Amino acid sequence: MAGENEVELRERAQEVMGQIFRDGVKGDQMAGRSLAPEFFDLASAFCFGGFWSREQLDIKSRSLVTVSQLAALGRTDELKLHLQGAINVGWSREQLIEVLMQTSQYAGIPAAVQALNAAAEIFEDRTTG
Amino acid sequence: MAGENEVELRERAQEVMGQIFRDGVKGDQMAGRSLAPEFFDLASAFCFGGFWSREQLDIKSRSLVTVSQLAALGRTDELKLHLQGAINVGWSREQLIEVLMQTSQYAGIPAAVQALNAAAEIFEDRTTG
Amino acid sequence: MAGENEVELRERAQEVMGQIFRDGVKGDQMAGRSLAPEFFDLASAFCFGGFWSREQLDIKSRSLVTVSQLAALGRTDELKLHLQGAINVGWSREQLIEVLMQTSQYAGIPAAVQALNAAAEIFEDRTTG
Amino acid sequence: MAGENEVELRERAQEVMGQIFRDGVKGDQMAGRSLAPEFFDLASAFCFGGFWSREQLDIKSRSLVTVSQLAALGRTDELKLHLQGAINVGWSREQLIEVLMQTSQYAGIPAAVQALNAAAEIFEDRTTG
Amino acid sequence: MAGENEVELRERAQEVMGQIFRDGVKGDQMAGRSLAPEFFDLASAFCFGGFWSREQLDIKSRSLVTVSQLAALGRTDELKLHLQGAINVGWSREQLIEVLMQTSQYAGIPAAVQALNAAAEIFEDRTTG
Amino acid sequence: MAGENEVELRERAQEVMGQIFRDGVKGDQMAGRSLAPEFFDLASAFCFGGFWSREQLDIKSRSLVTVSQLAALGRTDELKLHLQGAINVGWSREQLIEVLMQTSQYAGIPAAVQALNAAAEIFEDRTTG
């Protein structure tokens, strides 16, 4: 990030977020966002502009990494957002279900069940994928 | 499991599940199950047919192990299922409440409170135990 | 605690709880409490009477410790109680939001988002802070 | 614990600890103990005197609960102590290995592997069990 | 897995393990393996033969999922094994470092630091990657 | 952070790190740092320059938040660094021991024991505090 200013950090973040969340970040409606808008501004700039936008790994792989970790950690709300993102960047429902199934082996069956229940909500609402 | 085929693995799983969940696995209504039926099929065969059915430890002890771990890990949905199971295989409500109380010492008070709240839902719905 | 009896342990607990939760412990309505009243009695005596009341660290600092840990561990229900407590012992909303923002660095962004959503519920309901 | 004084709390703790850790609490050599002796004093009194000594659940079952939770949470040092304790109160090595194997289903395979590695250290050092 | 016998489950596991761990499963030297050989036999058959070998997701993607989850969960010993595996199935060191860096955003900076320290051990020992 | 460039972000990070880690960040010797220097560069800029340097909460309070969270999460290596930092910004050993003792109530006794063992290493090496 040497030498660039934070406007560029934010611009890169916007571009990545556009690819994964497309028309409308679902997080918009979260209560925490109106309580602490600066947090979401900083966290997005750093996370998407600082890490996701790095060229050493493509966005489709990064999306898989994120879905995998959120499922393992039991972060269901974020998992739903990133399951949508994963479909937007090219993973199929079928592939994502396999990821969640395999989660049972490394984080336990209850983690996989919780993640699959979350996926059922997301995949039901979509016609594509 | 040497030499047996997977039909036997599933049969053993069914027998164990019959003892702990009796008439009706509550999980039936879970959204994830209809999204990924193969997962629940595989996971049940491996978990109940591969581990729970081993003779080296009896089912009543295995039920206690499971309730203890789900409470410590904060897996509330699965905990509810296995609290019902624990009563079905012979633990009393009073004993199970002690397990959840003791959880506070190893996983923290909030883990115990969350587990006791889950237990309150289950124990209220039952006349036995 | 040498030499004192448990009545004193409970009295000290009551005093600390009075300072942090003031008029009415919100936990009163929890289902687990009616299932296992002895647990809440023991846990309060030990936690507030045994630890929080020790003179080596003031209550305002202890409140910050607790809010920080509950946010990091994702214990949302207890976090809400202790965010209220933190305001009661003198922390401002603005300071507490900073704590939750910083949580993103040590426990991950999803932990911070979950905590900020919880805070939004609490801070909305209050006129002070 | 109504009406008793803390001397009794400690006496009950000593009795339980004598049963599970017998001749010598292994924790004695821990660095933390000399840094904060009051903590170990308080924590033992509350944990063993306040919870483990309650009559509603026997010590052998409580030992199983504890081993299960420490394995699931990845608390390896404490797990070793309580695996020794579990053997002291009547569980066999073979039964305890089953507990750790089953842990793979609820907390993931890596948790079970870590716990079995810990058990190998303990069981190697003993001639009984 | 309908209709096949467990010999096939194990054969599929061996094939997958051959691809990811190649010449020698590093786990061979683990103390837990000699204590509970049946566990490693069962867990391998179920994990690699039951999940990893499913055609709906390729092994290279599954390897990324596993590395991501082990890093997020702080399972360092298993992470080292699977970082080696990830290189064996075609990921570069540079890509894997990105995965561990991004882990900081979802599981916190300390999780990423711990994972990068583990990676440093693995990547130092290898001439390829 | 509006309008400033990343040089400023890094300058602010350096200033905060100078206050908490003083003469020499202990992390310098970590293996991961030589593997992924860019990560430590980015993470420091964002964490210390983006969050810790915000005026809404003072550094001494932020240090307490961090120690509390690292103890609760069981991140022992980072905990040691930040226990040193906490003493550098004005907390006493005695106060920090209380923080770690109280951790037992929210994250379980094993978390507190692990943290106190880590503290024993740090406090032994220092003459002040």
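Order of writing sets the chain letters: A, B, C, D, E and F. Residues in each chain are counted from 1.
The rule we apply is simple: contacts are C-beta pairs under 8 Å (C-beta built on N, C-alpha and C of every residue); 3 or more make two chains touch, one makes a residue touch a chain.
This is a predicted model, so every value here is computed, not measured.
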Via touching chains, chain A connects to chain D in a minimum step count of 1
Given over half shared residue numbers means same and under half means different, the chain D/chain E interface is different
Ranking A-E and A-F by C-beta pairs in contact puts on top A-E
Outermost chain relative to chain D, judged by CA means, is A
Farthest CA centroid from chain C: chain E
Chain-centre distance (mean CA atoms) for chain A and chain B, in whole Å, is 31
Chain B and chain E have mean C-alpha positions lying a whole-number Å distance apart equal to 28
Among all residues of chain E, those touching at least two other chains are 42, 46-47, 51, 70, 73-75, 78, 97, 101, 104-111
Per the touch rule above, chain A residues touching chain E in the complex are 46-47, 51-52, 54, 56-57, 61-62, 64-66, 68-73, 75, 78, 94-95, 97-99, 101-107
Residue set of chain B touching chain E in the complex reads 1-7, 9, 42, 45-46, 50-51
Per the touch rule above, chain F residues touching chain E in the complex are 27, 30-36, 38-39, 42-43, 47, 70, 73-75, 77-78
Listed in rising order, the residues of chain B that touch chain C in the complex are 74, 97, 100-101, 104, 108-117, 119-121, 123-124
The residues of chain F that touch chain B in their complex are 104-111
